[in-house]
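I have placed the structure first, in the form of C-alpha cells, so that the comments after it can refer back to it.
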C-alpha cells in the first residue's frame, strides 16, 4: 500500500496544496481564521464576493437553520473593490493561504472593471465569477442562468484575466451541463458547482419570515445530492475541465464522494462556520482515504466509481466464496 | 376562539376534504394504504405518474438516504394508461379518496391521448401534469423547463380536460415564476411546486453509485426551504392561482409554513413512506393551528406572514412592558 | 398489517447479532415465517426511512404470547447500530407483518433450509412451522466466522441434521453453504429447498435447484423506501407466469419470498446483459400462504 | 480565541435557567465580561450551527481556576434544550472567548447595571470586575416572574443596591427594568450605564442615556452563523465614528458590546424607515477592552 504522496492539485494553472478550499463568503476577512486553522494547509480561501462599490448588505436577521441546511442572505455585504484590494486581500494573503477572489456584479462593465483591477495583483491566485445575482443591464433575476449572458461575462473576464477563472454556476438551473459548456467555451478555466439555490426560511409558530430580506439561499448538507449530480453530469460531459464541487461538503467522506463523482477540488462553506478547521479536517479525511486505497493523488479517485452493488449482496456479512 | 369549522379547500374547482394530499408516486396502487390510514380523511391521492404504455421502470437499487432527504428513481414504473384506468384507478377510488391522476409523456400526442382517455372517468377529480421527463420529440432533457413547450403541453391538456389541471413544475429551474405564469396562461388551474430536482447518491466507502440508473431525484425535508421560496414567489406574483406545495412537507408545522407562504394545499410524499398516515396527521396539525389562531379555514393562513422579529427581542424571556 | 407502538421486552446478544423481543400482540398474531417488520428510526436524527427486519419468532401461545423477535446485525450502519443499542422498555414504532410468507409444501415432506449469517433468523421460524406440520427439516447454516453463524446449537432441536459452514473454518466445515448443498440434498433426500442468503449465493442455489428440478423458495432483500407497497423502490425482476416477459415486482408486497426460478438474477444483479428467464418451468411450491 | 474539548464539571438549576460549568483553562484565562462562547451541537441530529452563550463566570484563580460558567435558557429551542440536559463529565466542543468585552471606565466611578432575565449572567461577571477596580455598582434585575430574575440574592454581594422588577409583581416591584431606571440613576448617582436586555428595551435605555448624556454600553444579540467573524450574518447597523453614515458591523467580532448611541435601532429592529443616527455625539466609554 503506497502512502498518499501529496494532496497537491493543479486546477488548470492554479496549484493548490490540497483540493479543499474555503467557499466564498465563509472565510472571513483575513483576520478571523488566524489561530483557528493553519492556513497553509488550506487549499485556498475564496473571498466573499466583491462588487465594484461597497454594499452595506441585507437586512437582519440573515441566517436560519433548515433541515440539514441553513438559509442565509448577506446581500453580498463587502467594502467594495478598492478597499478590498488595499486591505482584506492583503490580509487574506498574509495568512499564507492561496486566495481566489470572487467577483460579482450586475453589468458587463462591472465585471470587466474588477478583472482589470485584480490583474497583476500577486495575491490573486484565481478569480471565481459569481453569477447568481441580478442582471441590472438586462433586467433579469439571475444573470448567470442565461447562456448568452454567461458567455459574454465569462468571456470578457477570461480574456482579460492572467490567472485561472472559474465560473460559479447559479444553483437551481435546469441545464447545468449546457451552462458549464458555455462557460468553458467562453474561456473559463473551470466551473464551481453550484452556488446556493434560492430559498425561504419561515417560522410557523410566530408566523414570521426568518430572513430580513424575505428570501435567501440554501446551503449545507441538504444540497449534497444536487451537487454530486451536477458534478457528475458535467464531469462526464467535460472530462478535461476542472470542476470544483460546492454545496454540502462537510466531511472527508463527502469530499471523497465529490472527487469520485468527478470533481477536481471541493469547497467547504457552511461546515467552516461550525468547524473553522473544516478545510483541513476534510483534507485529512481525503489523505486517509488515499492511503487506504493505495492512491498517490486525489485525482486518482476520479473515475473509480462503479455501479451500485446489488442490495442483497451487501446486506449479509458473508460474501459468496 | 372559534374552532376550525372545516379543512375543506377548493382548488379552482376540485373540492378536497383537507388541504393535504399524498404526492405522486407515494400512495401505492389502491390496495396498500387500506387499513393504515382512513382515506376519506386524506385530501386526495395523486396517482403515480402514468404513461401511455407500460414502463418496467428503472434499475435497482432505486432508493438511498441523503442528509434530510432521499435520492430515488423509479423510472416512472407503471402499467400503462389502459390497464391503469381499468384497474388501479378504480381501486384507488374505491378507497374513498379523491384521485388526482398524474400523467407523463415525451410528446404532445401522448399527453393529448392520456387526457382524452381520462375525460369522463368519474374517478378522476383532477389531472396533474408531470413535466420533468425527457422531451422525446424536441430531444430535450427536461420537457417542462422550456416555456414554449410548457405552454403547448399544458395548453393542450387544459383545453381538453373537463377536470382541473395542475402543472407540476420541474424542480431545479431558475425561473419558477415565469414557468408558473406560462402554465396558468396556457390554461392550468394551478401549479404544483415543485417536482424533485435531479440528484445523485454515492457511497464513498464502497466507491459505488447508490442508484441503479446512476442518477435520481431528491425528495424529503432537505427541500423545504426551496419549496417555500417557490411557493412564496409564485403566490406573490399570482395570488389568485391555486398553488400546491410539494417537497419537504413532513409535519403539520411544515404544512402551516407552506400555507403561510401562500400555498392552497400541500402534498406529502417521502413522509408517507415512513408514516403511512402522514397526510392525516399533517392535516390534524393544521387543525390544531387553526384552532389556536381562531381561524375557520386553511385559507385564513395565507397572507398572515410578517417580517422577522428582531433577534434581540425574541431571545429573552421578558418582553418590553 | 398493523402499526403498533411496541415496547421492547428484552434484548440479547446472539453471536455477532443483537436479538430484540417486542410486545406487539396484534402483529405477532398475524406473523408468518418470511415476513418482516418496518421499524421507524428516532426523530431528530439523520434518518429518513424506516429500517426492515425479518421476523425471527412470533409467539401466539404460551408465556411469550404476543411477542415478536427479530435479529439485527449492528455492524451495517447507523440505523442497525441504533437499534442494537436500544434497551428494554423503550418503545418502537413498528409496522408489520409485511410481505408474503414462505409457503409450506402440501404433499412433499423433506425440507432443506439454507441460510447465511443473520438470514437464518427467519428460517428458524419457518423450521418450527414445518416441524409442526410434520415435515422433516434439515439445515445448512453458514457464516464468515463462528460468531456470525446464527444459533447453530438451537438449530439441532428443530432439524434432523445441521451442517455448519464457516469461511474461516472456525466452526463446522470451511466453506460456504453452497459447498454443502449437493451432499445435504442427497443425505436428507430433500424435496424442497428454502434459502436466505446474499443474492449471489441465492443465484447459485437457484441454478442448482433448477438443474436438480427441486422446488425452492428464497427470501430476498432489496433497498426499501416504505416496506408496504407505496413507493415502487424495492423491485426485483421476476418472470411473468408464462415466462414470456418479466415485471419489476415489489419485494415488500409481492416478496420478499420468491420462487428463485422466476427471478431474473442477471438482470437484478446487474452484472450481465439482460437474459430471458429459462423457458422450461420448474415445479413451484404453491405461492404465498400455504396452510394457515 | 481558542477551541477546546471541554468537560462539564457540573450543572445546576438557577431559577428558570440551567447554569453549566466547564473545565476550559485556556478559554477561562482569556475571558472577560461581555464575551461569549460558541458551542457545537451534537452530531447526527437536526443541528447545523453552533449555539452561543454569554460567559457568566471565568475563574482564573482559586479552587475553581480554569473553569467557565454560562447560563442557558432551556425553553428557547432544541439546542438550548439539549444543552440544559447535558450532564457532568460530558464533553462540549467550545470556541471562545468571542467578541469584544465591556470596557471599564477609567475615571468615572458609579456604574449602574441593568439586565432582564438571563441577560444578567454577563453583568455579574462585569460587576465583579468593576468592584475589583473599586467602582461602585448598582443593579436593576428584571424578569417576567420571580423564576426568571437571575440570582437576585447573590446580586447583593456585589452591588450597593439591587432593584428587582417583575412583570407579574411576584418579586420586587411590578414592572420592567426601564421603569426603575430614572430613580436608580438618581439614587446611585450613576455615571455609566451597562445593560443587557431585549433589543426594544435596550433601545429605550439608549434613548434615556442619550437624553441624560450618560455614557453606556449594551450587549446585544443577533442570529449568528459562526460566532467568529467568518460569515457576516450577525450584523447590527452602527453609525460610523463621524456619524455621517452607518456600517453593518458583525455582532460577533465587532460586538456584542456596543455603544448604544451609535446603533441605528430603528434600522436594526426594522419597524420604522431608516433614520439617521443622532448627529450630536454622546460621550463614549473607551471602546473594547479597558484595563486588563
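Lettered A, B, C and D in written order, each chain numbered from 1.
Heads up, the rule we're going with is that a contact is a pair of C-beta atoms (placed from the backbone, for glycine too) under 8 Å apart; a residue touches a chain by one contact, two chains touch by 3 or more.
Everything numeric in this text was worked out from a predicted model, so none of it was measured.
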(message) On a CA-centroid basis, which chain has its centre farthest from chain D's?
(response) C
(message) Can you compute the centre-to-centre distance for chain A and chain C, using the mean CA position of each chain? Integer Å is fine.
(response) 46
(request) Go ahead and note the Å separation of the Cα centroids belonging to chain A and chain D. (result) 36
(message) Taking the mean of the CA coordinates per chain, how far is chain A from chain B in Å?
(response) 31
(message) Multi-chain contacts only, two chains or more: what residues does chain C have there?
(response) 46, 222-223, 268, 270
(message) If a residue has to touch 2 or more other chains to count, which residues of chain A qualify?
(response) 60-61, 67-69, 212, 220-221, 307-308, 310-311, 314
(message) Chain contact topology under the given definition, line, ring, star, complete or other?
(response) complete
(message) If we count contacts the way the header does, which residues on chain A are in touch with chain B in the complex?
(response) 60-61, 66-69, 71, 141-142, 145, 170, 172-175, 197-212, 214-215, 218, 220-226, 228-229, 232-233, 248, 253-254, 256-257, 260-261, 289, 304-311, 314
(message) Under the definition above, what is the set of chain D residues touching chain C in their complex?
(response) 44-46, 78
(request) Under the touch definition given earlier, write down the residues of chain B that touch chain C in their complex. (result) 25-29, 31-33, 35-36, 48, 56-57, 59-65, 67-70, 72, 74, 77, 212, 220-221, 270, 272-277
(request) Name, in rising order, each residue of chain A that touches chain C in their complex. (result) 68, 307-308, 310-321
(message) So in the complex, the part of chain C that touches chain A is made up of which residues?
(response) 16, 46, 73, 75-76, 116-119, 142-144, 148, 167, 175-176, 178-179, 197-202, 204, 220-223, 268-270
